[in-house]
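Note that chain A is present in both complexes that follow, paired respectively with chain B and with chain C.
Our next item is the complex of A and B:
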């Protein structure tokens, strides 16, 4: 008989992280936001920084994500999350602000903010969720939409002659001096989810060590926006997004590399 | 050689589950299936297939992929022989 409730004496192999509120998430079925929320909460729990962490939410599907975290949250104006986080960090250096932005927020309206936050080398952490589409407003073309990709505003596929080419955020920002750590990860299978968690942890540790801006881009599925089933969305991501957005670490300064090699890092 | 016994099990919060099917796809033991009933929100939630429940190895792949944090994974406490 399948159990529906865990017995108290049993060993917990996996349970929801403490920093996450016990409420259902509002995201569509198969959306990657839930996985990334959980990874962030797990890392915050592991580092024991829940009382000092501040989530700076952006505008987009994840606009109300501070309702899901038990630590502090702030809603910033559209695209201005890195500026809000910079302000928090400069006024209260003991706090640990991180921004949680989608591709519409970070790569479209907020491009100037993130470029200048990187140029200044603010000591903040940025999580950039790239699903190549505007999810909340109904699947329109985003700056990260792939060439030829269908969306509600490019029904015939993105035509570069008309709509230009996708922005590769990690490649672009890694040319700047300011950022300490820039990596692109994905969550299309359990192994990649584990890798994404390592990158998120290193991004927080970079800030804790005061080394500068850390940005982790997460390639995430949007099954509803892409018009595919959740399981097929993972295959679609591998097939179409990975060739355009290769995974890997784009910038690791020597200090972050030393931090990475410290024993005990997951 | 005695037959390998798995002592892990999962719990699924069927009201949180949105029936996306990622856990069903990623379970290496194929322990999870889609329920025939609907939950309050109108989704057909994932459920443990009763005859395969004993094959769960506790690998946590389903829980890692669950976007709704609906899955918990546990190992039975050891019972003295």
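Our next item is the complex of A and C:
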């Protein structure tokens, strides 16, 4: 294990998070899931909640991500993770369930579940990975696919006359009373990775404080689905996704704001 | 003697669930099961239990899935169209080996159909219903008393087999008021070491149905097959009425069996040697009991509120050397004892 090797030196400067299993991830080269998994594990470690955390997976590339965390895990059917996580949380308020959903899962087939989990203010945490494509099934149009963007099911580029417009999840959900914290982050450079981690931590702390639903959207690269090299994928994300999906906090209730201002926290 | 209370079948099912330790109810309004959901909204919160009216039956079944995964007894109730939506979640729970109770208060269909009582969800409930290879235990109450008792049994069997159990009722049973002898609450619930309770002092628990390698999935599915076989061996339930000297047997379940009982009494008064076999478990179906009965009974008359679903299982059970006929009504129309009696007379001629 990475920790064991690192322990041989006098000072540990960098090690794998305790909550991450020491197994190879199945994701493609340049995929953003690995980074987000690591950030979640780091935050769970920092907050000391691994023995209460539950990963509720979704359907898509991250369908088996419970294999990569050391805490309890649950499969869910396509789009329904917020409902299953709510079922857990309602019965066991001391557990910390989070859902981990892609754009097809959350913003297409699971729109009813996420909208109403938000409307009810379910005290769960939602990580929404937006890479503007269906990765798992081979690169078809996602609800977040950009206008004009090529996919295997929009061969001439997404044409709004035929295929409609991309859904802006944070903007849409932040109109609801129920959610406590909604933010969009990205991971295209180290500074953004740090900001993403801060948002992930605040999302967990929102649930720990019982303040309601927290959702963090992560703009994430899919080099294989986009047909570009991993490094270029980061540039593509900045150039094409950021203008459509501006980063920032879309909803921060007063209680969450107060939580943010607690010294020593994100 | 237990206290007897007048209540509708739907409310009897709700009270049975409460007695069985159901911790969480998730549901969506649909006629003719609304009073079950409404009753739960009043009864559960004061007990410190969970009631959520969801945005759809899909969401309801997946909340049941989450609550069940967390180790709690949980249920939903619905009717035909909602039951269809829930097949996805039921299939997942069968694959994940999660207990759950689903009360389907059947209405007429297909499609939006009508809100009258019917039995058209028989195939859906007994043959799998959703995608993939699986079965759910299906119990068919025939009175408000059984709405309570079989709902309680459903929770017990769901935990015993770690599998969803369907209580297959219908609009007539759900709405009719009958006296119900109250039962004692279940004192002790089974432990669930497999549940998601937080990985504290134990390795993590994962609940899933997915295996990417066929070689890994096949043994899991074989284990399911063995479990369904155990159900077939251990959980067949049925009731016999006046079959000892019978030359003709009526087969009916649920509210149709109530008319059939009356028809049997009327036929007996006319000197016709008729009896009734009432399946209580629809999966597992009492094939053997019917097959044994076929050794000494010539004719079978199937009374059902669907266009010929139960009759297929009866034909399968008794084989090609017996007359098997169907008397039925559709679309929420009541099947009267007189209509069944007329069919008996016709068959006896």
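Simple rule for what comes next: the second predicted complex is superposed on the first by the 256 of 266 C-alpha atoms of A that agree within 3 Å, B and C clash if a C-alpha of one lies under 4 Å from a C-alpha of the other, contacts with A are read in each partner's own complex, and residues count from 1 in each chain.
Going forward, a contact is a pair of C-beta atoms (placed from the backbone, for glycine too) under 8 Å apart; a residue touches a chain by one contact, two chains touch by 3 or more.
Remember, it's a predicted structure, so these values are computed and weren't measured experimentally.
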Worksheet item: Touching A:25, do we find chain B (first), chain C (second), both, or neither?
Response: first
Worksheet item: If you stack the two complexes on chain A, which partner ends up touching A:193: first (chain B), second (chain C), both, or neither?
Response: first
Item to complete: Considering only touches as defined above, state whether A:209 meets chain B (first), chain C (second), both or neither.
Response: neither
Discussion item. By the touch definition at the top of the document, which applies to A:112: first (chain B), second (chain C), both, or neither?
Written reply: second
Worksheet item: Is A:223 contacted by the first partner chain B, the second partner chain C, both or neither?
Response: first
Discussion item. Quick check for you: in the superposed arrangement, does A:231 touch first (chain B), second (chain C), both or neither?
Written reply: first
Worksheet item: Regarding the shared-chain residue A:38, is it in contact with chain B (first), chain C (second), both, or neither?
Response: first
Worksheet item: Given the touch rule stated above, what does A:11 touch, chain B (first), chain C (second), both, or neither?
Response: first
Worksheet, complete the sentence: Going through chain A, the residues touched by chain B and also by chain C turn out to be none
Fill in: Sites on chain A touched by chain B in the complex
1-7, 9-16, 20, 24-25, 27-35, 38, 189-190, 193-194, 223, 229-231, 234
Response to the item:
The residues of chain B that touch chain A in their complex are 8-9, 11-12, 15-16, 18-22, 25-26, 43, 47-50, 53, 58, 60-61, 63-69, 71-77
Item to complete: Note which residues of chain C are touching chain A in the complex, please.
Response: 23-24, 26, 50, 52, 54-56, 58-60, 62-72, 74, 88-89, 92, 96, 196-201, 204-210, 212
Worksheet, complete the sentence: Per the touch rule, the chain A residues reaching chain C in their complex are 50-54, 56-57, 63-64, 66-67, 69-77, 80, 83-92, 94-95, 97, 112-113, 115-116, 120
